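Below are structures written as structure tokens.
Each of the next two complexes has chain A plus one more chain, namely chain B in the first and chain C in the second.
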Partner chain A sequence: MMERWKKWNNPYLPAVLGILALMILGQTVTSGFLSMNNISSILMTTAILTMASIGQAAVVISGDSGLDMSVGAVMSLTALFGPMIVLGSGMASLFVMIPAVLLIGGCVGLLNGLGVQVIKIVPLVMTLIMSNVVNGFAILITGGQPSVSVSKELQSISGVFVGPVRYLTAIVLILLIVLEIFFLRKSRYGRSLFLVGDNYNAARLCGINSKKIVILAYGFSGAMAGLAGLFLVGYAGTAQMNMASSYTMLSVAAVVIGGTKLTGGKGTFIGGALGAMVLILITNILQALNMAAGLRSLIQGLILIGILMTNSRAPKLRQ
Partner chain B sequence: MGLVFRNVSKSYGAVVAIRQADMEIERGEVRAILGGNGSGKSTLAKIAGGLIGKDTGEILLDEEKIDFSSPKEAKKHQVIMTSQELSLFGNLTVEENISICDVPRRAGFTDKKALKKKARDILASMNLESIVGKKVSELAANQQYMVELAKALAQDPKILLIDEITSALYREDVDIVCRLLADLKKKGCIILFISHRMAELYAICDSVTIMRNGETLGTYQMEEKTEDELLSLMVGTKVESYHGEGRHKGERKRDVFLKASQIRIPSYGTEESLEIGKGEIIGVAGLQGHGQTELIRALYGMYGEISLEKDGQPLTIHSPREAVRQGFAFISGDRERDGTFRERSLAENVLAVQQLVKNQKAKDAKEILDGYNVRYDHPGQLITDLSGGNQQKVVVGRWLSTEPTLLLADDPSKGIDVKARNDLHREFARLAGQGSAVIMISSDDDELVNITSMAETSRVIVLYEGKISAVLTGDAISRENISAASMPINAIPDEQEVSRS
Partner chain C sequence: MNLFKKVTGWSAFPALLLFLIFLGINGVLTGGLSVYFFHSFISTNAAAICVAIGVTATILVAGTDISLGSIVSLVNVVIVTLCERGYSVSTAALIAFGCAVVCGMINGFIIGVMRVNPLLTTFATSTAFGGIALWILPYPGGYIDYSFGDWYLGSLFGILPTPAVLILALILIWTIFIKLPFGIHLYALGKDVKKAYASGINVTFLRFFVHTFAGIAAGAAGICISASTCAGSPVVGASMSMNSIAAAVIGGVSLNGGIGSVWGGIFGACFLNILISIVVSANFGSVVQSFIQGLILLIGVVFSVIAADRELSGKMKKIFRGGAR
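Entry: the complex of A and B
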């Protein structure tokens, strides 16, 4: 029983403690931090980052220094092109948009996966290059000045569902739990992903198609980023060039804070969601302090370094 | 007065690794520590070498208390440890690796000349001039171990701790090690020697301390005890070591199960053929790196497409995945690289093939783990919590629970104790008894002699430079014959024809 509790608790503990501490800090710094409105918007932005971090987590778990540095670019891409799909009624186009952004993101991700596994380019380099390619593509098509109108139906995802929970928050929460349990933990793919990420060679000798598993992980990451981009533009209401570029680093940080090992083979989606919440809370507190944008991102960066440092040393501290 | 351990204890959480160990070693003595997997030998050596701390007790060197907090501090006192986990840098040359702990400097820069000279002197004393200038990653496993030993010698040890360095060495290497250690002995060096190979212990050591379950049970002069007596002490019950010679069944007609007419051995560019019978155990022998590993990996589809004939039907295998689907299994002695999933639980490790590849209705993980005598707490614990031998049993359980028709084993008993090894042999023999075929490589010729005596039909094939230099059957399977066929002289064509049966 003790063992079970420990096993469950350990990877999430830092993120959960961080969330509690930040909430208390936020409330002491500015009253109204824990107001319904603010909580609602924190949950909303957390949900978008969570989507991105789910894909990132899959890639990180797939091992061999797996990282998807194209998350931000893919999100920006689908944020631009997703809303352009118009098909009869607004609702109908929304239902076409979702598979469309999944497909766009998935294709970019698969190219990443092929680059990493077939051409054998280091993941960091491959996905960074892909990020540039995707950005370039977006500029080429839009001429650098996008005119995107976001439909009412798409914007309605930020409508209130119940209490501080908006529609999107609820959708992402359900997706998160379904993906965690039925995709990552129970499905044959998810379980193979852990083994491949842990020991690529041993997994191959066991008869697991390691190559395919890793390529699909990148594809999955791309698809999730595609969806996150659509959510982002629905929430923001307008689309800009490179509007999601900061999500690349944020998704990596969220995954790490959530207890996923950067060396692969171990991790969860839920941890990534908790990590996302920590990051959003930090941003939110800094904004509440009316800090200048430059200083804000400087401090944000320093905090990130601090978190990652303690996290990479955590196993040693625990011993 | 030498080195004295008094009441040394060490536990990891609830698991006691060492329980009040006592041991005294004189200067100029070579002491063996013999014990099963998880009996605490390595832990004891690591404590002496400063890699891990002890909980209680004291260690005295020449009546002075020593308590190293790090390997660096131990090195200052010239206590050097060579471990079964190699501490070499694959991207550096042999010379650089040997001098890495004490790089000669001149004006703040590495003095390359002095570095090379020092390393070459040591290599020359080990008859290893041939590997000078090579990168460590280019060397065969046994040569890497020799570099590891050379590195220890370069540090001029007063106490040398050797943790299973010989588990991948061949006979000619062992002779060199014997000679080097004899030199060190003369200088008054204390040597702690951990190994599972009885022949080496008798050749190298003066005395032996037996450990079981973390306790030191007693110390004996090597000549006082026979091999079987030592093993019985170590295991706690009476056991017999390998006595396979002369017990082999003669050659008999066998049903051919698998025919491989073209097995490519990439590093020599050669091709070999093999017919594998039902219920047959084929032992694969030879000096390290003469194509044994490649032979069975090729059969497993790891080097791309291979054409086989199974039960008379043609069959092409492109990948390990297809090999597994055909009922092949592959067990490697290199657990860390080819076997275990270190971040995952026992259950996931043991069910990997069955559930994820074969789509079989999985047996309970517990049932398999118990069936293969794995010592564990619960199936959810990490595989790294177990000792090496137990980890290997998990890997064996993973594969044998799928009831393979062909088992390919690449030195599967590397670094595991005699009892675990005997268990492994019994499982392999049982599998062969059910009509499956087993092809097993071993760097230990005795082991091959033993396991091939356990099956109805068996052969030992010996490889030399990517070619089968001899096929031994029946009474011809003996250590002498294997050893003779492994050596270059027997690869001369005429000789080869004679030894081929």
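Entry: the complex of A and C
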């Protein structure tokens, strides 16, 4: 009995229950919520947020109150710059775009990591300021009025693959599983990341270069955010200044709902994906109800507070 | 010499120095520092300074509060709406101030009693408070009677400008609490929660109090910004929360808690705002401005963190001494 309960009481449980409850709620509130079309668009936006939350999860796992608040800024940046790469054929430019956005994001992330580990600025502040710099840079280059034309090949990621699953959803799902298993769980780097997140000094004494591991985690987060930005612009079809700024806190919330502890050393990418789905479902239901923007934001906040109060309370100080 | 060491060792000293240097630069650029300049500087930036005071208080107990900007917007919106419904300005301001205190208490309850991470809590509550502000006043607009603005630009006893009085009142409240045994408890809590709890400090109450104080500060900031603009906007405080955290860090307040003082936040905010006014007056063009602001913010934080890092500054001292020999 106890064993079975333990098996059930895994970190994914709140997110899975939340997804089921929200789907039922959505269907009762508006008919056609679970239609093929709506589900496929929910999966699409979830996939984009999942990309952002994968990077965020790596940084949170790296410990020492690690957070990447520059996710939204990096996404906005690559959403603007990615489509600017134009080569002879559309397909060729798409294949150059992907390493390019990974590189842009990775560079910003590495700068974050250097600031956090070498100069020892607290992650929250370092990444916040970096997001200011990145936003300013985007305005500087585009002159505040971006004129981005998204190529057909890039837009085709929202084409239907099979059933409600579109190309992007499939790509992200495969990436998610590959990264979870072969990067986070099985690779040497992934194992060291957990060790460093659990106890920085102990890991260092065991011969792991803790500094390098954490810096690379920030670089990884930036690269993933860069990719997410490219997906976002492919899905949206147009680019605007700061179009992804809301993704920063959404990615943090997704990671937390997915059962990753903010103290570091524990966590999964798949949990982040489930958390992303919860958040997207909430937004989608509120939009379907045709509420005023302010009321929607209020309810979103209240739901988030509710989730936090049930899901991520710190243990009692008295032991 | 001893006094010199004491002053330079003060956690808020780098921010004060930066502020004074850039005040001088600004004076050179704009041609002299007049009393008028100080008056206008404090009346435009009083809101940012108040928010910085509130955030500093929460950071001292190893927390943070990113919902203050939303509370400022909420206060602004409530004042405008009540004024348009025919309430007198002072009643409206008092009611809005009460709202801000309640918001702070909600934050304090969730963080203190429910023990949820402060960053996430205040992110969630900032969505909620910002949502209420947007719900009440979906579009910028409305207006407040100009007598409010006149009161704000006036001065007490002909010397102290009203915004300075508000800031001083906040500092006074905070200083009184710091002088009580309470103040020591606060720093102890910031340094180490578990040890503080084991020493019999009431952790729950302290966290609740600090966030309520932050709410009070945000309320004062909301009144300041409403009076200086005399108009309503649901996103007026949006950029304030993040800037105030940066201000506190520049002011030598450690985000790990327990180090720093409320003066650090004040000087940090002053420095940031004088910087912004220099960048604006230097005619860089609006496109370059935000990038330069971001860069200078980064440099300021790097500088103040290195200055506060004993180990790193010790190494630098060694290098300089070695060079002298």
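Quick notes on this structure:
Please note the rule applied: the second predicted complex is superposed on the first by the 304 of 319 C-alpha atoms of A that agree within 3 Å, B and C clash if a C-alpha of one lies under 4 Å from a C-alpha of the other, contacts with A are read in each partner's own complex, and residues count from 1 in each chain.
The rule is short, and it goes like this: a residue touches a chain if its C-beta (ideal position, glycine included) is under 8 Å from a C-beta of that chain, and two chains touch if they have at least 3 such contacts.
Given the structure is predicted, the values throughout are model-derived calculations rather than measurements.
A simple residue count on chain A separates chain B from chain C, and the partner touching more is C.
Look at A:G207: by the touch rule set out above, it reaches chain B but stays clear of chain C. Of the two partner chains, chain B is the only one touched by A:G265; chain C is not. Once chain A of one complex is fitted onto chain A of the other, the partner contacts of A:R188 are limited to chain B, with no touch recorded for chain C. In the superposed model, A:M249 makes contact with chain C only, not with chain B.
Looking at the shared chain after the overlay, A:D198 reaches chain B, while chain C stays out of its contact range.
In the three-chain superposition model, chain A touches chain B and chain C at no common residue. The touching residues of chain C, when paired with chain A in their complex, are 64, 110, 114-117, 119-121, 123-136, 138, 193-194, 197, 203, 234, 242, 245-246, 249, 255-256, 286-295, 297-298, 301-302, 305-306, 309, 312.
Contact residues on chain A toward chain C in their complex (touch as defined above): 67, 115, 119-122, 124-126, 128-130, 132-137, 139-140, 143-144, 249, 252-253, 256, 262, 292-302, 304-305, 308-309, 312-318. Chain B meets chain A in the complex at residues 300, 302, 319-321, 323-325, 330, 332, 337-344, 348, 352-353, 355-358, 378, 380-381, 398. Every residue of chain A that touches chain B in the complex is listed here, in rising order: 3-4, 7, 188, 191-192, 194-195, 198-199, 201-209, 261, 265-266.
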